[in-house]
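Remarks on the structure that follows.
Chain nomenclature is as follows: A, B, C and D, assigned in order of appearance, with residue numbering initiated at 1 for each chain independently.
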Amino acid sequence: MRRFLSALIALGLIIILLEFLNLIPDFGNVDLSKRVSNSFINKSVDGNNETIEFKKSKDLEDGSANVVTSIVVNYRSFDTLGEVTVLFTAALGVGLILKGLRRKRFYREPNFILKTANGILLPLIFLFGAYIFIHGHLTPGGGFPGGTIIAAGILVLYLSNEKFELSHRAKILESGMGTVYVLFGLVGLILSGIFLRNFLPTGVIGELFSAGIVPLIYVAIGFKVGAELSNLISEFQKEGQQ
Amino acid sequence: MSQLLLILFIGSFLVYLLTRMNWIIGVLANIGLAIYSFYRLFTFKVGTSESIFSLIVNQNGTLVYSELSKFFGIISLIVAISVYFFLINWLEKQKNRAVFNFFLALITASTLGVFFSGDLLTLYIFWEIMLLFSVLLVQMGKEDSKKAALNYLTISLIGSYMYLYAVFMLWNRYGTLVIKDIVQKISVETSIFKWAVLILIAAAGIAKSGIFPLHTWLRTTQGSSPDAFSAILAGQLEKLGAYMLVLTVAVFPSLKMFPVLYGGIPVFNYVLIVLGMISILIGTLMAIKQNDMKMLIAYSTVSNSGYILIGLATMDKIGFAGGLFHAFNHAIASVMIFLSFAAVIYRTKTSKIDEMGGLIWKMPLTFITYLVGIISLAGIPPMSGFISKWMIFVVLVKKGMFLTAAAAFIGSVGSFLYVFRPLAGVFLGQLKSKHKDVKEVPIFMLIPMLVLVVITVFFGVIPGPVLNMITAVEKELNIQPLEHTMTVIKSSVGQWNTLTVFTMFAVGFIIAFILYMVFPKAKRIPLTNQYTAGEFLYNYDLYHYSTRFYAFFERLYEKHPSVEKLYEMFGKFFKDIGEFLNRWFYSASPSAYLLWFSIVLLAIFWVRW
Amino acid sequence: MIYYISIILIGIGVYGLLSQKNLFKHLISLALIDTAINLFIVSTGYINGKEAPIYSEFTPIANFVDPLPQALVLTAIVIGVGVLALGAAMLIKIKEKYGTLNVEEIRRGDK
Amino acid sequence: MISLMIAIPLLFAFVSIVFKGLAKYALPFIVLLNILILLIASTPVVENIGGWKAPFGISLVLDDASYYVVLVVNLIFLLLSLIPQIIDKGYDTIILLLLTSTNGLVLTGDLFNSFVFIEITAAAAYILAYHRNNPYGAFKYLIIGGISGSFYLLGTIFSYVGAGSLNMAHISNNSFGQLTAAIAILFILGLGVEAKLFPLAGWVPDVYASGSSLTPTILGTAITFAIMYLTGRIFITVLHGTFLDVLYILGLLTVIVGEVAALRQDKLLRALAYSSIAQAGLVVAAISLNNIDSLTGAYFHSMNDLTAKFILFPIATVVIKGFEKDRLAGFAFSVASFSLIGFPLFAGFRSKLLIISSAFSAGNYILPAVLFFASIVEAAYLLKWNIKLWFEKSDTSNNIPWNLKTIVLVLSILLLIIGIYPDLYLDASRKIAQSILDTQGYINSVLGGI
């Protein structure tokens, strides 16, 4: 009975949402020119009318080749600050909630393959993560995926080593990188009177050293997310007193 | 007037501080304030108006002094002064004396504020202040007074919020709240609007004076509130209800607003008269059943408020005067009765009739107060209570409203029955063994009681001064004034000469007294001086005859429907819903939360898409 | 089509929340709804025949799908992760306090 | 400059992870700095974050409405920072984050940004709900809060699809027919949970009555006020009053249900939580009447409510038995509850009066009737508690710390003053109402008259 009713209600919900779908353009049939993102793609918020070409256009209002990154870290950087804050809050909250619990132990020797592979793979994982967030403005990816990959490395460490404990420095890193993000914003405020202003030259689109503060912030985010997720992992490795 | 009110409100804080230092000084200060305002009532010129602070944009509160305010102000201050005098001794046994005194002073101040108010919102404000502090006073009484206070609060708030609703209907329609202006405009409104406004305003008066559908709070509230405060409640606060009823039927021109029916009475007033009739019957029948003497008189209040309402609602010169006069008489009489009860309870610590008896020998002066009080309350000739009841009867007969007259008559007969019960149970009969050492109450408690006795007898013989005030009120409200002299009341049916009647009664009383002295006295034997079935009786207290005093009569209406139970059912219903919501909605699982969430979505979609 | 898939996923999530009694399944359903909505958001930005919004050697000139929903989704995902983590932490505490994750047993334990 | 009000607390929140205990001491100074910024600022200010102009980037808007709301919110946090006893160790950073997000919530002029801030607020609120080991209540809040957040996000996306932008002023400037209705439905569901509307928000009592004095004190005051502001802003300024009738019905339902459910509570905190629900419903219902007087009344009432609740909740958690030892706290408690009931000459009376008269002049006869019903019930249970705490003798009672006592006393005197001289609150709420109703002015100031 309960299941039937649930299904009925879920069906009703689906019908409503389907009804809503009639009101918006069909899938893949969007008029981009009516949306603000058109200006983001052409980087013409401040009135630039030239067509942008890869590795040629210079000193644009925003220099990152990855438009999503330019939105995330530049046009809508404030959202990202908030997003980082949510993650920070969550990590903090998990720490507060699970305070006083012990590290979980499996009382079993980890697999030999895992242990060995770990030694080889771990540097590669970290390197890959770092690559992702350093190239956030050029390729798909960025601080968040990069940080997640680093945290995955930490997870492997936890799995392969019963005695591994995340150092307190992770917290400091997390806090410091958050601070760096806000400070970037404040520096912009001091230099130009605008919070989170991109105060560095944007360079040529598509080059590694371009896009002003975007890659710097993404690096900070990468470290921060890595540290935060690692902290989360280490918190969830706990269990209650028995 | 605003000056007087300011003095009273500030003075009440002073009373609080003084009572904290020394409670006797506090009580004296309270008496001083009351006497001062009593004096000031006579110095104000009728018809003056003042404006005070504003509560709604562009709308100053106004205070108006009218004959009506004067009349009701005098009643409530007489009540207040006598009760305060009573407190000089009585307050000793009360907890939280400072707060008690403070609240009493605030209640008097706000009561006067209600009578002075020239606009509806100012009236409401004083009304609510009075309500709040009277609730806080009621709960200082016996154990179950906490519950009673909430009962009182709820029903009073129902009345006063209905009133406020009407106030805003008027405000929205006219943009003014001054009673004088509204009264001029309202007679041309649509009938639905008029009905709604007047019924809603009357609701406040009905709730406060204990007329039928909203009378249920009186029993528990009067029964369990502090004993001296019961007197204030009956004498001062319920008269606020009478004031509100005057406002509804007379100040708002019901004669012009509604079509006139049989007997020249507006159709709206008929509704009120029916309610008054029901109140008389219910009050009387229920009073007969009560074993607690305070609850008994509480029900008698219901029936007497019915008389007042009927008198007022006839809008006839005699009937209206009778209603106002009955308000006066009932105030004085009920204060006497409650003070004498307070005196009895002060000594015996109980209010149950069947736990007392024979106190006439121990507390003779209290007995006299009670006797005069009930004579006036039941409307037995030489006291003033009879005059007002007579006036109401006269108008009912004159208008040919025989059904109402019959109800009023039954009420009168019933009142003999119920006032006799405490008389017999408490003062007459056998003295209980545990009350052997009871003494008469201290002097300061006796003074106000005896003064009230004198007042009642005086106005019973010479009702002229009160009737003068009443005719002034009638003139002010465009009702033809009552024709009367100092001792004679004229009506189309006949006239009533109080002096003659008093003389006759006095002569009769003297004759009876002489006969009592002349004839041989009955022999007094103790109760245990007898035996049944060969057994001697040793238990002295077993044979109290006031237990189920009117059992033979009560049997006739034993299984009556009860409004009180109906309200309790409503209360329980709401509480059950609350519990249901709390249990099944607010403490439910996340699934239930989402279920409701989806239902809202589906409902909105269903209705509005 | 992806619209429909995402909406059906929302429906499945709602069904899971309504029909299951295990709190962990509730959390998973919540995550499912989050994911479905993220899918929906991304798909509102898709334009037929256009490419991922990155200037590169292969797409040197703009011929891109709408990048803004993708940016929003990135934010939404991270927020979802945060909420999920908090929920999981609370589940651990619930298990510790009541000894069960079943709604009805918790309800009985509360009394 | 106004972005500093978000950046500075956030910065300190980050730093306080390393320097433990910093948050507690920094909080009052941060709040004071915020208030200082507000005092220098002149309205309207539009600050484009990152320098990207209005429909493209994210704008922070400080118009009359958000000015006063932010001011009130910061004052509440200032008061909270003066009673550090009730903030447990570790939770001080959460309070800082909450300050950040509430400021952001009110200041932002961007829908998606408001979603982000709502989620930060919600995340912080989940953690606060857990305070004093209340995992089940917090989890329930998390689930329903998460779903409502999803619906809010969906509404945001629909707005973006319709208007091509996420800027509130830009969306308000566009009209998109039937889609507006869909957006309104989604926002009702999204905001209703946080605004404590009846069939949506079942989480409230379990969270508010968890025994912590911090949780209800901050969630029931600052956050509620910010959400009420956002409700007005979104439904009136942005959506031009679409579906306000639904909101009206939900509001009235909430009033009735909240009061009735409070009637039988034998725990004071839970009763107060229900009262909080009912008052929120009243405010939403008044907002949905959508005229200047009713909005003024709504925000005025909301301010009175939060002032009273800031007195009631902390006292209710500390005092369990009676006011024998702390008569002053008892005085504050009584004043606050009388104000909530709406007895004349207390602050609550003025706002209820305003709501009623605006309802009548809008031809609405139901809202006043419901309001009166609610007042009767509220009077019944609040006076019951007053009587119980004042007059029933008890031997033991917790001591109330002196700073809390001072604060509640000051607030209760404020309530008395507002009751007689309401201009202090009334002016602020009138400004809020005017500014929320002035859609064109908002659009002009954000988009620069496009």
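A few remarks follow.
By our rule, contacts are C-beta pairs under 8 Å (C-beta built on N, C-alpha and C of every residue); 3 or more make two chains touch, one makes a residue touch a chain.
What you see is a predicted model; the values in this text were computed from it and never measured.
Of the two chain pairs examined here, A-C and B-C, the one linked by more C-beta pairs in contact is A-C. Centre-to-centre, using mean CA coordinates, chain A is 16 Å away from chain C. One finds 67 Å separating the Cα centroids of chain B and chain C. Each chain gets one centre point, the mean of its Cα atoms, and the points for chain A and chain D are 31 Å apart. For the pair chain B and chain D, the distance between C-alpha centroids works out to 45 Å.
Shown for chain C are the residues that touch two or more other chains, namely 14, 17-19, 23, 26, 44, 68, 72, 75, 79, 82-83, 86, 90, 93, 110. For chain D, residues touching at least two other chains, in rising order: 112, 116, 119, 123, 126-127, 130, 135, 139, 143, 147, 160-161, 166. Under the contact definition stated at the top, the residues of chain A that touch 2 or more other chains are 9-10, 13, 24, 35-36, 40, 76, 79, 82-83, 86, 89-90, 93, 97. Taken pairwise by the contact criterion, the protein chains are fully connected, each one touching every other. In the complex of the two chains, the chain B residues touching chain D come out as 53, 55-56, 96, 124-125, 128-129, 132, 135-136, 139-140, 146, 149-150, 153-154, 157-158, 161-162, 164-165, 168-169, 171-172, 574-575, 577-579, 581-582, 585-590, 592-594, 596-597, 599-601, 604-605, 608-609.
Residues of chain C that touch chain B in their complex: 14, 17-21, 23, 26, 103-104, 107, 110. Residues 17, 23, 26-27, 30, 33-34, 37, 40-41, 44, 68-69, 72, 75-76, 79, 82-83, 86-87, 90-91, 93-94, 97-98, 106, 110 of chain C are the ones that touch chain D when the two sit in their complex. Considering their complex, residues 3-4, 7, 10-11, 13-18, 47-53, 55-58, 90-91, 93-94, 97, 100-101, 104, 112-113, 116-117, 119-120, 123-124, 126-127, 130, 135, 158, 160-162, 164-166, 178-179, 182 of chain D touch chain A. Here chain B touches chain C in the complex through residues 587, 589-591, 594-595, 598, going by the rule given at the top.
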